[in-house]
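Below is one structure, written out as structure tokens; comments come after it.
All chains are identified by letter, namely A, B and C, in their written order; residue positions are counted from 1 within each chain.
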Amino acid sequence: MINFDELKKDFRAVREKSPLVHNITNYVAMNFSANALLAAGASPVMAHAADEVADMATIAGALVINIGTLDAGWVESMVIAGKAKHAQGGVIVLDPVGAGATAYRTKTAWRIIEECHPDIIRGNASEIMALLNADIKSKGVDSSCSSHDAVESAVKLAERTGAVVVISGETDYITDGKRIETISNGSPMMPYVTAMGCTASSMVGAFAAVNPSNLLEASLHAMALMGVAGEIAAAKSAGPGSLLTNFVDTLYNITEEELAETVRQ
Amino acid sequence: MINFDELKKDFRAVREKSPLVHNITNYVAMNFSANALLAAGASPVMAHAADEVADMATIAGALVINIGTLDAGWVESMVIAGKAKHAQGGVIVLDPVGAGATAYRTKTAWRIIEECHPDIIRGNASEIMALLNADIKSKGVDSSCSSHDAVESAVKLAERTGAVVVISGETDYITDGKRIETISNGSPMMPYVTAMGCTASSMVGAFAAVNPSNLLEASLHAMALMGVAGEIAAAKSAGPGSLLTNFVDTLYNITEEELAETVRQ
Amino acid sequence: MINFDELKKDFRAVREKSPLVHNITNYVAMNFSANALLAAGASPVMAHAADEVADMATIAGALVINIGTLDAGWVESMVIAGKAKHAQGGVIVLDPVGAGATAYRTKTAWRIIEECHPDIIRGNASEIMALLNADIKSKGVDSSCSSHDAVESAVKLAERTGAVVVISGETDYITDGKRIETISNGSPMMPYVTAMGCTASSMVGAFAAVNPSNLLEASLHAMALMGVAGEIAAAKSAGPGSLLTNFVDTLYNITEEELAETVRQ
């Protein structure tokens, strides 16, 4: 169950502490994720050079690794950054975009899991299932099944990796392998905004940076903000173009009280 | 002449089948093109790693190669993906962004034409003319002449390459070297939204994926949707910032009937 | 002091001559900066391939080098482009994004200064101070101090490099080491739109391209347009999402008279 006081406290901390979130993310998501993080109060930085990622990762409150437009050079940087962040004891979020769509993506996601030990893994249902089962085929980067179908896989992935696992979808599931929490906010229009999932991963990074001692709760709170802001914004939006704009505005304007009152588990 | 039933049928198929469109495109276009494809009903994926492009291209309904922010590594990936897609007999769209602006762009566009055999080539007037005539100078990536001036070049390029050639502009021209079709919708505000042309190429990919047996018609229908949606969106827009937003919303909301009623040849 | 006639003349020249601005900029900024330049009347091009940057830089009216998402390959291209542009006697703008956040960024900014001799350097207060003083720490890419704190550093940097130095912030400062000019327009919401500063650097490039003989004035006029457009747009905006859209619309619609009437020093 969500603790409303803790939810409000985490969101307040993001706004007050403005944690630096180091994103090694995909080209499609960069602008939108940066704007969403800024609107929520965090301080995003995008950096991928092998020459600086260890430095950047270790000054940041959290490192978010997203393989959406990976290639060999970027993967090396992801691993360098992830190892440095893990050695420091800091928080790493992995978004295994498109795992299952190509063998290269599945393999790379596992390489990052094994070498960097991410603390949180957030994906859609197809991606989470693909990480555990070669028989599931993602359709590109969009999920081909509902989040509910992936709950069992999420629990297993959490057990196997020690990470908190987050599945986004109609209902969001957040689990550490023992507890399973849910968020039921959002809008069917949200998947029509590209990189909404990637932005959720970055938001999880921001909340984890201010609440590193309880990553299940931090992830739950970040997904609560994403779902609530998406729901409020979609109600004002004629389509996914306006949703993108209204989503950023909502993150900027929403109060802690409005967040706590609107969230549904 | 446009067959309204076929136009509606193709658009319905994009929404119902949600074809996977693999884009190897430029950094400027990625977010907007992904949002436009999603809004129209297609499923975009961006992937450029040499390690996965052949796999991704061959599971996609169409491959769109756009050289807008090319470099040596990306060009190799474009060629790998294009060869794999061509070997499979699948559809390839080439957008020769900035052909004529630098020798490297013109040379690379021709390399892709010769090694990958694109089925459709879409560009602005300068780009299409530059592919046939070293004397035409593009000004960066914007066209320096009207689409009408490039019709003869488009016919020649279609004859020489076997591809359907699309020129975007005040009037769009679509030709297979024999027939020449036109779309007269759109708005003078559209060229002020960056990557509108790149997005047209990706949209052509989505329509070609659902109608691969008639690429002239598929291209015509995609350009009809772009022009009509741009025209409807521009009528509501105070400037190119709102046009971007309204264009995505319009793609999401427009009905087949509205599309067929608004299109002008 | 701002000369209103010269301000209007420069803005008119951007719209009438539509200067080609070659940006080697970061992935986060590319789409927004391109849209802002188009809306203001300029013609942006993004190109980073070692194989073409010298060609592109030398046909452009200005070269803008932005190290926001630098890596080894891109830095080589920046240096190739910068050397070619400098050899031609053309205008180079440097945006040292994140200087001070990592040693790699500070070192790269100085490498570009020494090898390419930028004519204009635009950054936030932290970045300008970091270029002169290893003790200042940027927090990622956001400034950790006010623009006023960096004026002395800006003057020193101008003296040392011969460049016009621009600090963006609550007040913008523009100096050639002798004169110090200011712009006091803008809105506290502007830093919540990612890449607003990067876009200012690109806008400075557009104005410098039409007024290369007076780079202090060109920079001042570009910052006037950025501040005034941001202020007008923010007054209509519910949050940073709408600000992004309204800012682009405002650049497209603002008249020379409105610009001159609204600017404050």
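Heads up, the rule we're going with is that contacts are C-beta pairs under 8 Å (C-beta built on N, C-alpha and C of every residue); 3 or more make two chains touch, one makes a residue touch a chain.
None of these values were measured; they are calculated from a predicted model.
J.: Thinking of each chain as a vertex joined to the chains it touches, would you call that graph a line, ring, star, complete, or other?
T.: Shape = complete; every chain linked to every other.
J.: Pick same or different for copies chain B and chain C, depending on whether their interface residues overlap by over half.
T.: different
J.: Which integer distance in Å separates the CA centroid of chain B from that of chain C?
T.: 32
J.: Could you pull out the residues of chain B that touch at least 2 other chains?
T.: If we look for residues of chain B contacting two or more partner chains, we find 27, 31, 244-245.
J.: Show me the residue ranges of chain B that touch chain C in the complex, using the header's touch definition.
T.: Touch residues, chain B against chain C: 26-29, 31-32, 68-72, 98, 101-105, 139-142, 191-195, 237-242, 244-245.
J.: Show which residues of chain B lie in contact with chain A when the two form their complex.
T.: 20, 22, 27, 30-31, 34-35, 38-39, 43-52, 55-56, 59-60, 73, 77, 244-253
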